[in-house]
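Below are two complexes that have subunit A in common, paired first with subunit B and then with subunit C.
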Partner chain A sequence: MSWDLLIFYYLAIVMIVSTVLAVFSRNPVYTVLLVLIMIVHQAFVLLTLGSDFLTAVQLIVYAGAVLVLFLFVVYLINLRKETQLNIFIKRFSLSFIIFLVSMFFLLKNLGVLVALKPTFPAYLPFDLEKNSNTWWIATYLFTNYLLQFEILGVILLVAIFGVVFLIRKVREVG
Partner chain B sequence: MEWSSWYSIIFNFILMVIACLVVAGIGLLHVAYLTYAERKIIARMQQRLGPNRVGPRGLLQPFADMIKLLGKEDLTPSGVDKPIFWTAPLISLVCAGTGLALIPLWSKFVLSNINVGLLFILALSALSSYGVILSGWGSNSRYAFLGGLRASAQVISYEIAMSLSLLSVVLMAGSLNLQDIVKAQLNTPYKIYIIPQIVAFVVFIISAIAECNRTPFDLPECENELVAGYFVEYAAMKFSIFYLAEYFGMIVMSALAVTCFLGGWAGPFEIPYVPFFWFLVKLYLLLFFYIWVRATLPRYRYDQLMGLGWKVLIPVALANLFVTAVFKLIL
Partner chain C sequence: MLTQGHYLALSSILFLIGLFGLLFRRNLIVILVSIEIMLNAIIILFASISYYTKDTSGYIVVFFIIAMAAAEAAIGLSLVVLIYRKLRRIYSDEITFFKG
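Let's look at the complex of A and B:
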């Protein structure tokens, strides 16, 4: 077994375990923390695939911004009642149907899942020896995917306008 | 694999561990004497004497403090969330200290020369806010919780201004690698980026002070409202880990400013056998500035702090980025 594969299995197992624990955890703050562990390991998976830029962006955007906002939300809303709710479905018939459906899809795609094997070094459509990862991503973003990039920018701008509009309304009322 | 390659892997690994330990040790020594320097300088500015009992001129004071903190009883309040209470200081320390590994101390020495070094330091400072938020929540105390909430809002707001000011440096240098940024600076007519990027430098310094929760932006640990802020409930070693993290943060931020704006290891002339001489001179000047600011300025009010961040620093940094981009296009 090579080093790369060993590291990959470590990362994969930690990601799966932390995600499962996050789903079943009753304490919302613990859930966010377990998701944080998952995201940090995901960033390292990107690093093993040779994409250092995406690693840094993943850490900054998801771990540094999105999850902090999640923590804020968890702090600011009152979750007393929700933490007491049952996380499993009590009715046997309903849970059995859900189990059958999910097993059907799992077995249907089992062949694909088994055939998937991690390949090292990962397949990348560009030459990392010639230029850095950041350079390639920027080049693709501003040539092949320029329209999509611009549309995303406009969508984000609309979201910002929406926030400003909402706050203005609150101020006028209050 | 063959034995020779295994040997080289193990040899490189041991070499790397030793280099990391040396850098961490030097960093810790700097932290220790930074506390001493802070107390001495502030005492001087307030016409006091400062620590002068332990050793000549109080020079051994940091070690006395350290032994005192280590010898104290490690209290854990009964209401705390133990796992979070224990991990929060470690997150703070690791995120603050790891930045040192990415700073090029001189042209041939950097622990980890990665292509996105600048982004990685920003990521670490983004993660360091977890230490503050979690310690505030895990302590299960009103004061600590309020301090944690304030700190996270502050850190997130000022990170944007800091990233934007650093982006204009990246635009000028054309690289995210810290070593390449220093080399690109040396090729410009002024040799340092502070002259064309003075606006970005000012924005960066202000937001770096806010990132480290230092006066005048030390709202999270504001004594007269929140006792000590997010680490009220911590005692002994865990308390000192928060202190270590704060001073490590100051050192990393100053080192980043030296690397991105002040020309890194380069100086007016070469000093033989001491290649990091100029780096340290600039670093100490910036650290002195930090302490000077603390002794001089009163604390901001919280809404003023947020107003400064969102209404002044971010627009200024954005405008500066825009102007830099336009110049880069024209020239």
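Let's look at the complex of A and C:
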């Protein structure tokens, strides 16, 4: 077995096991920490896919910002009754049937998906021999995708204003 | 030999685990975390397509997805805090605000 397969299987197994444990764990703190393990391994999956820039972005934004936000909210909302309540039985059968059926059909037809080859040339081709991956992303992001980049900035600004608007204390009038 | 099929299988399995968690958990925070798991599966899908077809646009879509996920998590968690402050409960079948 070659090295890339070995590394891929390690990353995939750790990701799947930690995700399953996160979905099934009773304590939300454990859920967030297991998803943190999954996201760090996923950053290295992006590294095996040839993008060092996206690895850094994934580690900084997801592991550094989003999951810390989740942890803050979990600590803010004190959930003592979670451990006593039986929360798993209720909708288990229906969602598990949906999960199994979709997984079966997806893995059965995976060969067809893999065998599909693109018949059109690459829209924005890159060449790692010439320049690094970060150079290519920056070049296309600031030329072809400039408008979308600006719109993304506006969306983040609206999200910040929306959070401040939602969380503010409402003063009772009259 | 590592092919695109490996990445597709990993991405689809993670997406279905996230969908499963979204359907059967009742805690609102865990539902939001399941949405994050599904977004991460889509990130793997786009990055693998981009790597195997030598096309940069998939990486740029991944960049956009990460930024959108940050905005979505902020808005969703503020809604969760708001619901908890108003109703003092966080399980999705106990929130019957609009039923009266």
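FYI, the second predicted complex is superposed on the first by the 119 of 174 C-alpha atoms of A that agree within 3 Å, B and C clash if a C-alpha of one lies under 4 Å from a C-alpha of the other, contacts with A are read in each partner's own complex, and residues count from 1 in each chain.
Here is the rule we go by: a residue touches a chain if its C-beta (ideal position, glycine included) is under 8 Å from a C-beta of that chain, and two chains touch if they have at least 3 such contacts.
Because the structure is predicted, anything quoted here is derived from the model rather than measured.
Of the two partner chains, subunit B is the only one that A:Tyr75 touches; subunit C does not reach it. When the shared chain is aligned, subunit B comes close enough to touch A:Gly64, but subunit C does not.
Comparing subunit C and subunit B on the residues of subunit A they touch gives the larger count to C.
Of the two partner chains placed by the overlay, subunit B and subunit C both lie in contact with A:Asn133. Judged by the touch definition given at the top, the superposed model places A:Leu33 against subunit B, while subunit C stays out of reach.
Residue contacts after overlaying the shared chain place A:Ala56 against subunit B, while subunit C stays out of touching range. Under the contact criterion defined above, the residues of subunit A that touch both subunit B in one complex and subunit C in the other are 53, 57, 65, 133. Of all the residues in subunit B, the ones that touch subunit A in their complex are 81, 84, 114-116, 119-120, 122-123, 126-127, 129-130, 133-134, 137, 145, 149, 152, 156, 159, 176. Subunit A contributes residues 29, 33, 36, 52-53, 55-57, 59-60, 63-65, 68, 71-72, 75, 132-134 to its touches with subunit B in the complex. In the complex of the two chains, the subunit A residues touching subunit C come out as 2, 4-5, 8, 12, 15-16, 19-20, 22-23, 28, 31-32, 35, 38-39, 42, 45-46, 49-51, 53-54, 57-58, 61-62, 65-66, 69-70, 73-74, 76-77, 79, 82, 87-88, 90-92, 94-96, 98-99, 102-103, 106-107, 110-111, 113-114, 118, 122-127, 133, 136-137, 140-141, 144-145, 148, 152, 155-156, 158-160, 162-163, 166-167. Every residue of subunit C that touches subunit A in the complex is listed here, in rising order: 1-10, 12-14, 16-21, 23-27, 29-30, 32-34, 36-37, 40, 43-44, 47-48, 50-51, 53-57, 59-60, 62-64, 66-75, 77-82, 84, 90-91, 93.
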